[in-house]
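Going by the order they are written in, the chains are A, B, C, D, E and F; count residues from 1 in each one.
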């Protein structure tokens, strides 16, 4: 509650959380907990077969009890729109730092299962999913380094938002509910944009606010990439 | 083909295209043709009932023959992810300029059926859907004016993108396929951002490119809002 | 309203309405508007492969705002029974005038999307769909003429009905709602029956009424076939 | 095989076949066997509630082993088009002889489960379903007689068809497969048409053939109604 | 009602009930009536292809009017949990007495359609389904005998239960509703267990009760196997 | 690997694993890891409303990466048969020790999400789910003790099986794959059976083996109940 507006939440990255998949990360960011697991297979989507290139795809899911009022499982044959949007975003974001040609004809699947949700689950999925991706690729193609093998750069994501004309970084559920404008920024280790999504739900924002939201986000990304580097050195 | 990089496609807005719905617009933008129809009802979503406020929602659909290779209908019980994303975007964008309290407990439904697709169908749906929205609200609450009644401002949308380091405005299918970065901008008549979505599929972009993409988009929006004003004066 | 009981509604047939499909007809019949588009592909149904013969199939769909009270889209995985019946009828009717052997191993798909519904959408879909079929076949097998190539004859459809013991031709929505008995007739240019469906919903009819319904329908078909011939000569 | 072209198959009607429903008929017509069961409840469709009138509806289903090559159950959430058409036809046909006002606010549900299929399952379902309907109505509203209570008349159905220019009555599977034109006739005990469906699949028929098909059908219906009367007198 | 606690209900086994499938048994056990049909095909599940071994699978279904309050068909795309459990149980039970290697690469499908349900439909499906299985295998691989060909032994099933501390055999609906504990026993002709399912719904049972339930069941199975032998000798 | 045949795997029970639900247990049993979360609400199933009694229900789910070859999510609208069986078993087992009248009109929902699967996930879900149930009931109805409030007794579950005529306790994946017979036992703290499921897939078992399987299971249950008691005392 007392966290300053421009400070990110405490992050912990626990690699090799499960034995059943080569990349398996328990990612905590404040009270948000996401289990990111990754595996590599040769079953590419049909349109990709024989192209010499790989593919990276993601699934996102909230466990029923991840929120305080139980959320029903997506078992009715209809994945809700929000879920679909988020898993497409995670996939695109991770692909942006993968050299799919260098990956070869391999498919990497990242599952992001939210165990506990307190805002920022999509950005946590990207930041934590990246570590699972690196570990899974390392298990399939040992010896490659970031920037040198199929993984060209780091990638991390964070949210920022406007509440009563103040810009806040890394919105938890309480802040997110209060925000007029909500921005998600996905950026590489080199500081290049991968994805930028700014949304005013029943509100709008001007150019000055955009500039502040981007600056705040950039600073958060830099910290997350540092934490990713530390985690991968262990 | 010879259209300059910073020029929008030719737009035509045909109001009252059908008699069966109060707001009904055939929106053409180059070879892209979208039928936007709007109706007003009192059947609000459950969570909205008794709130004293209305709601605006949208559905987006491509007719099977809107593209040269026939696209299957969404009849299998699964609306594809892209469709879901687009219809959520249209709904949010239109709600941003509606005073839902002034609307009262009414639900406005905007259907955007793409008859022919040549790129930019989501932005055309927003720009054309706005006109259908205005006509439908006028039929339910006669006499109100934009800025004065439930509709607080104009809203329009356009895409811009980067191709070989050049910024292009209003991407048709050919340009969209070639673009490394793709930006969709939704903006009000007053020049405030409603939504900003910049995506690099297997590519990234830097701050300079972002600035150019936004400037180009701003200029396109200004022209579209002028065309909306003309159409509504007829 | 003042249309005589034995007179068909005004018909307009606009060919090449869209560029995205080879056969594309905007068919208007009074206030009923159907967009019929047709395309040709080589993807036959499995049971048809290697038979040396082609296939013609149709899909029928009402846009949500085609009726004054918005109709929900068929997205729940269940196409309603009426839709299924109608698209099977359109397919059978068109196949009756196609020499599937002369067509060769090609699949023609006719999409009939009802933009505005004022009764008679199934018969409009057949009469208009025939023109789209001819244009699509012509684009795939240029140079053939009706009666000479895969298309053996014209085909058109019309409804007739009994209201208070009077026989009416070409029922619009108002007449259809009032009818005790409803007959749909599909007939070739040569005056042979393709399909005959007479239904009394909570009512019955006798042999004399049947004779009158058929005579009235025959006269309507003759006029529609003349209009088809004119449209195809343009 | 030796059955004359104008003779119906042998029919047996076994009433009260099961104890679990008030109307329960095992209807055999040659090798075609249909179990028709009917029950009465007060759960009317929503649009019918409070109207003072009842409703009659039917479901049709083929058991997997009713045909020699096993047919998959309709469990995928999609009832196939043919099934939908048939059950709508059965419902309409039975409603035509029911005075829904005299029935009062009751719903009658007729289930037609085909145990063995050798052609003519839809007409058998109507003819046998009528007996189940009568028994179920009798159990709910004891003492009424046909023509006097909610059931106004008998109703039966039969097929006829054209094979090599000869008209055949009551097509079994072998005849049905060979027929160019296929006619289903539903008629009341008084000889009035309820429904008439003539279809030429890749074929057409002329007025003379229509006259013969109707005459042949009329004769078959008269025999079926006699058999219904006998069965109900037991 | 007066049936002693340790006596099974009257059983009738009618073989070759339908002509459309090689194994077709109408199995009656008191008021419970199940139609068991079996067919043999070469379409094995994918994971079984090329293994040299066959497979036996079952489907279970209750007709809507098998119970006195009509049960809706499983057409919504979701087979209910109870149905799934039962058909898996039937399949496992029958496979336990089939030498799948001796069967060769054949798939046997057993359909168990409950025409009337008065308790014990799953055990009736197993006991009756076994006869249909034998007849279907005999039609595909003539001349084999039980114990000698692919069918290694008889298999039958029965329920027992505890009501007010008394053990009852072969529970009909009335007994089943009153039972605190419900046991289903599937056993071979040689008296070996295939499956044992004891369930206390909101109740529990001790070791003594278990012993009695098993003894009672064993005795019932012995009688059923005798009846199966008689039926197969006809 | 070296674990003796009659010894259970190492168990760890971590209560209050997540803050978002009142009962939240990370249950580990060897390499099997299940997250059991429980919540209490007032939304009872319809048939239970107004009965004065509560209800306990469970959902079971394997995360995609819980097994070494990734398992697809149940998103297609069809929950597979095995999942359905297991979640029904968990629900019944837990209800057996709950006094639903003492619970009052409350619904307890137990979610069992398998993070890592190495055999015995259904029994782990019951044993761990019981702890989550106790914590959730305690949060809703503080102060009650086991045996004294709505929870009448402990309940735990374990598997045993026959491999090459030896009885093994607590089968992990490797043992389970090798087992001819597989028994799941659910038992209360007082040693009474709740559920007994013995299955021979393509195999059978005799009375002696049954006796040994039960004895082995009883011993395992006793140890698990001790561990539950320890965990609840913390």
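In the analysis below, a residue touches a chain if its C-beta (ideal position, glycine included) is under 8 Å from a C-beta of that chain, and two chains touch if they have at least 3 such contacts.
Per UniProt, the chains are A, B, C, D, E, F = Ribonuclease PH.
What you are looking at is a predicted structure, and each value in this text was computed from that prediction instead of being measured.
Common neighbours of subunit A (Ribonuclease PH) and subunit E (Ribonuclease PH) (chains touching each): F. In whole angstrom, the spacing between the mean C-alpha positions of subunit B (Ribonuclease PH) and subunit E (Ribonuclease PH) is 60. Look at where the CA atoms of subunit B (Ribonuclease PH) average out and do the same for subunit C (Ribonuclease PH): the two points lie 34 Å apart. Separating the centre of subunit C (Ribonuclease PH) from that of subunit E (Ribonuclease PH), both taken as means of CA atoms, is a distance of 51 Å. For subunit D (Ribonuclease PH), residues that reach two or more other chains under the stated contact definition are 77-79.
The touch graph of these protein chains is a ring, one cycle where each chain has exactly two neighbours. Those residues of subunit F (Ribonuclease PH) that touch subunit A (Ribonuclease PH) in the shared complex are 18-21, 24, 31, 33, 35, 37-39, 41, 59, 61, 63-68, 70, 73-79, 109, 111, 113, 115-117.
Against subunit C (Ribonuclease PH), the residues of subunit D (Ribonuclease PH) that register as touching in their complex are 77-79, 81, 84-85, 87-88, 92, 95-96, 100, 188, 191-207, 210, 214.
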